[in-house]
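Shared chain: subunit A. Partners: subunit B in the first complex, subunit C in the second.
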Partner chain A sequence: MSSQIGIYSLYIALIISVFLIFQFTFLNKGTTKNLDSRIFSLISVQFLMVIISFFSLIYAFIISDFSNETVYNNSHTTKPLFYKISGTWGNHEGSLLLWLLVLIIFLFIFFIHSKKLSNKYRLLTVLFQEIIILGFLLFILFTSNPFSNLFPIPKEGNGLNPILQDPALAIHPPVLYLGYVGTSIIFSSSLAALITGLINKVWASHIKKWVVISWIFLSIGIMLGSIWAYYELGWGGFWFWDPVENVSLMPWFCLTALLHTIIVLEKRNTFHSWAIILSVTTFSLSMSGTFLVRSGILNSIHTFANDPSRGIFILCFLFFLIFSAIFIFFIYQKNISKNLYKPYLVSKETSILINNLFMMFFLSVVLVGTIYPIFLEVINDSKISVGPPFYQKLITPFLIPFLFFMAVGPNIKWIKDRISKINIQQLIFFIIFILLSCLFLKKNGALYLFVLPLIGSGFFLLFLTIKDFFLKSSHLSQKLAHFGFSLFMLSVLFNGILAKEYSSNMKVGDERIFMNKIIKFENLKVVQGHNYQSLIGEFKIIDQKNVLNFKPQIRVYDQPKTITSEADILTTIYSDNFLVFNVLKNDGYYNVRYQNKPFMIWIWLSVALMSFGGILSFIKKNG
Partner chain B sequence: MVRNIKFIISVFLGLVIFFILLNALEKTNNYSPNKISNKIETNFTARLLYKNKEVSLEELIKDQHLSIINIWASWCLPCREEHSYLLNLNSINNINIIGINYKDNEVNAKKFLKELGNPYSKILLDPDGINSIELGAYGVPETFLLDTKSKKIIKKYIGPLDDIKFEEIVKIIKNEKI
Partner chain C sequence: MYGKKVKLRAFFILLIFFSLVLTAFLIFKSLEENVVYFKSPTEIKNLSELENKKIRVGGMVKKNSIEINETEVNFIITDFKNELIVNFTGSVPNLFEEGKGVVAEGFIQDRNYFKATKILAKHDENYMPPEVKESLKDTN
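Our next item is the complex of A and B:
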């Protein structure tokens, strides 16, 4: 029953979408007042319909209605309620419905909050947004219907992959989608602003809020995915340069560049075309992310069930949007005010341009690494795979000047400043920090070519942002975000350099000595969980000072039958102690792997801090 | 004029990317080898893990009656699970097991074997995964039981070995020996 409600409300939403788009062809100036309220009511109804549809899918998951194919494929009666609900968007069909829901929620909020702006601009934004909504509705209804029926009705479902049964992953897709979809509003509104010739300071300050919101959600979404990879996959890393991870990182680079450009547009009224190009690119990248993940072109641990017809649909839709954007851009380019403004070499504008250049560079590295293997295969029929070393080698050296400019840039004034602002004092600090990190690295015995200046410049940024905290009280959000970034870079670096690992085969009662520590395998218990059986090992690691107790698990899930290793991670503010064990043979021996990961928690905290900087700028008017 | 050129270039570039991606969509189907026959091609060469030498798979299996080909990688968790079965097969039944190390890092692969034991008589490296795909593998781990004379796959196991599959293999080996 709920499936029927769900599908029919989607059809109603489709009809409304077509009707709304049709309305715009009769856009008359005389009837705008009337039109406004009519559009509002139509959007509200559409909004309601999609919500009904989404909740009926959730309901089908909660009551385990296996007549629904999506529920049958992804759920099971013994699954905890929380994961039944999160299973709604843990699959292809459901996640698209979620995407649609977020699209409409954002359109709704946009419509309410833009009453002050010109009517034509608003209506055009709604038009573009409705085209995107229509595309997704068609995609959902005709290639990936979440409500298709199964007959005869199965007694039991296939279950959700246990690896996906994790709290971080349950909220990761919705948060990431909020970020992705936020960029769709930026796309629509920038095109609408271009057509109506509205690209100016007012528009910039209006759209800045959307940029900041998308940026916050995208950052947090990426972080949650990375937390999941760290805790659940048990490989001890947090970023693998996996194509699917890269795909979420690309819009982030673009959005970060846009975030800075839009501030220039707001304050100084320049960089108009660049802001438009960035807005369009950001959304295109978010969409191509969906395309690459859903079409199965990429080979990755994340890939979902694939169907070539889906890929072709998203590809055509994506390029339809991109080409329309290109056409609109070139047709209405004359609307962009000819502001032949040349920024001075030492000015905030230049420093933001430098930021943009770096962002574009990082973006192209990741883009090439992700897309190039696909292109090469088509053109040349040769298969290559691009791994972490590629990204690390290309990105690391450029982070050094990037961090330096990030530290110096914010203190430079708008329009024109004296070169002595980047004065000797700062340069001396820079050199001092490089020397300090040199000493530090000598002590720890790790010497790589780029690590040294990288740590130096990381500390430089950290120090300067802290200094600015006390000197000036304005731009708090920017300082917080930059401070968070320096913290992030430093913790990633230390995490990489100082990590220690030890692994050995042990049985109950064994003791091993390594790095002045003793590891003891004390006990093994079998415990029955809700939908799994778990083998809990009890380990002790004895230091000179303290004793650490670990209880890692090996879980055997019933539905589908899967074995997962749950690492036990003891987190302190200095380091994470990570212990995981695996079954070897049935002779009582287990493979035990212990890792010490310094400053792990700071990676998450620093990203949270950056996002908090974003939130602050959203709350405060002059952030 | 300049604007026109820019426009044409961006549209052209867009079209090129579009068609490449469209092609890539069809290409992905080529990834799963559509081999209906149960024969495999064994005369490809690859480098051995512990020796710096190129050998063909043909050479490694030619003086055996039956061989097991196991595709594995150190990064693959199920490979850890099934490893004990391979060790058992090797020790109990003394069968020739050829490992194909799929898209792996050599240091990690050696570490993996040092940790868990080495059931393989020889290991071929397949850093880009092409040979495994050519053999008809879907993923790691995968195990083929091969009749060496006719190059026919007697049994193909996708995914890690377990008790049932293990018994089956042992049964086949015993039957063949008699």
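Our next item is the complex of A and C:
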């Protein structure tokens, strides 16, 4: 029953979409006043239909309606209610429905909140957004229908991959999608503004809200996925440079660049074309992110179920969107106001341009690293993977000047400034911090070529942003975000340099000595969980000062039959102590891994701080 | 001859061009150095010369081949045609089991012996890396 409701409401949404696009192309010359309220009611109905469809899928998951194929493949009666609901978007079909829902929610909000702007611009934005919505509706209905029926009705479902039964991963896709799909509005509205010749300060301050909100969601979404990988996958790292992770990072670089460019557009009314190119690129990257993850082209440890025909559809649709965007850009390029002003080398504009250059560099590094293996496989059939060293080697050296400019840039004035103001005070600061980090590293015995100046510039940024908090100016959000980033860089660095690790194969009762510490495997218990059995190991790590107790688990899920291990993490503000154990074979040996990760919590906190900076800028009235 | 503006613009275009070339050069240079090739045990058997470069080997963990002592894990990777003994020190992922797919990263010692530095995790019990699937397909 719920499947029928779901599918028919999607068809109604499809009809509305076609009707709206039709209306724009042929009836645009009519009275716009009248059109406005009619479009509003149509969008509202479409919005309602997709919500109904989405909730009927959630309902099917809650009541475990196994006549629905998606539910059958991804759910099970014994699963806790929370994961039944989150299972709705834990699979391909459901997650696309979520994409669609977010697309429409954003269109709806956009339509309500843009009444002050010109009608033609609003209608064109709706048109572009409807084209995207139509594409996704067709994609859902014809290649990945979440409501396909199964007959005879199975008694029991296949269950959700236990590794996905986790609170962080339950909210990770919706948050990430809010970020991804937010860029669709930026895409549609920048094209609409280009056609109507509206690219100016007013448009910039209007679209800035959308850029900021997408940026916040994207940042938090990436962080949630990273936190999950940290404690669930059991290897103790938070970023693996895996293709699926990279794919979410690429739109983030682009969006960050756009966020800064939009500020220039808003304040100085320049960089018009660049802002549009960035808007189009950001959305293309978000779309191709979905494409690459869902098509199974990427050779990733995260790869879930996939089907090539789906990939081809998204790829064609993506190319269609990109080419039409480029086409529109070339035709309407003349609409961009030629702003004749003299650029000065030392100005805030330049410093933001530098930020953009770095962002584009990081983006191209990640893009090449992600795409190259696919490319090479097509060309000469050799299978390769590009590992973390590639990214570290290319990104690390460039972070030094990046951090330096990030610290100096915000204090430079718009239009023109003098260079002398920068160099004396700040250069001394810079040198002092390089020396400080030199001392620090000597003491800890880790000397790397780039790490040293990197830590130096990290501290430089940290202290300069702290200093800026005492200055009287209104850019609190910018300061917070930059401060958060400096914290982030430093904690990632120290986390990488000072991490300690020990692994061994142990039996119950065994003791090992390492790095002046003793690790004891004391006991093993079996406990029955909700839909799994768990083996709880009791470990002790003893050093001169204190004793740490760990209780990591190995969970054996019945449906599907899978073993997962849950690390036990003891978090303090200085470091995380991470212990995980694994079953190898039934001969009593367990593979035990202990890690000490300094400043782990600060990585999450600093990302939260950056996002908070974004939130401040969003709620500020004239931000 | 040319105006100041034209000169400035030409300078900028050149600058952008050179930085693009430099970026491309940097990226592809380090790509060359940091790429990890994927091989099956059969491909390793047929290698003409052994390089001391990091590679990945994929296949199935042979039944009853896992041997464990206090520090090491030894097992055999097979593609049902050829076998490779793998020696590993460190921690293994959840789904490392006999009869299941595995990818090991490390260095070839000789044609039968591989020293792994990392065993890669997979998220899904039914999931097989595409490379393993393909190399199994080739041999069958």
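Simple rule for what comes next: the second predicted complex is superposed on the first by the 609 of 623 C-alpha atoms of A that agree within 3 Å, B and C clash if a C-alpha of one lies under 4 Å from a C-alpha of the other, contacts with A are read in each partner's own complex, and residues count from 1 in each chain.
Throughout what follows, contacts are C-beta pairs under 8 Å (C-beta built on N, C-alpha and C of every residue); 3 or more make two chains touch, one makes a residue touch a chain.
What you are looking at is a predicted structure, and each value in this text was computed from that prediction instead of being measured.
When the two complexes are overlaid on subunit A, subunit B and subunit C occupy overlapping space and clash.
With both structures placed on the common chain, the touch criterion links A:615 to neither subunit B nor subunit C. Of the two partner chains placed around the shared chain by superposition, neither subunit B nor subunit C is touched by A:476.
With both complexes superposed, C is the one of subunit B and subunit C in contact with more subunit A residues.
After overlaying the two complexes on the shared chain, residue contacts for A:591 are found with subunit B and with subunit C alike.
By the touch criterion defined above, A:364 lies against subunit C but remains apart from subunit B after alignment on the C-alpha atoms of chain A. Applying the stated contact rule after C-alpha superposition, one finds that A:51 touches neither subunit B nor subunit C. Judged by the touch definition given at the top, the superposed model places A:375 against subunit B, while subunit C stays out of reach.
After overlaying the two complexes on the shared chain, residue contacts for A:150 are found with neither subunit B nor subunit C. In the superposition on chain A, A:333 makes contact with subunit B only, while subunit C stays out of contact range. Applying the stated contact rule after C-alpha superposition, one finds that A:563 touches each of subunit B and subunit C. Common to the subunit B-facing and subunit C-facing surfaces of subunit A are residues 235, 296, 299, 383-385, 503, 505, 563, 565, 582, 584-585, 591. Put simply, subunit A touches subunit C in their complex at residues 161, 163, 233-235, 296, 299, 301-304, 361, 364-365, 368-369, 372, 382-387, 389-390, 393-394, 503-506, 512, 560-565, 580, 582, 584-585, 587, 589, 591-593. For subunit C in complex with subunit A, the residues that touch the partner chain are 23, 26-28, 30-31, 33-38, 56, 66, 68-73, 89-96, 98, 120-127, 129-131, 134. Listed in rising order, the residues of subunit A touching subunit B in the complex are 235, 291, 295-297, 299, 306, 308, 311-312, 315, 319, 322-323, 326, 330, 333, 374-375, 377-379, 383-385, 503, 505, 563, 565, 582-586, 591.
On the subunit B side of its complex with subunit A, the touching residues are 3, 6-7, 10-11, 14, 18, 20-29, 31, 75, 77, 80-81, 83-84, 87-88, 103, 115-116, 128-130.
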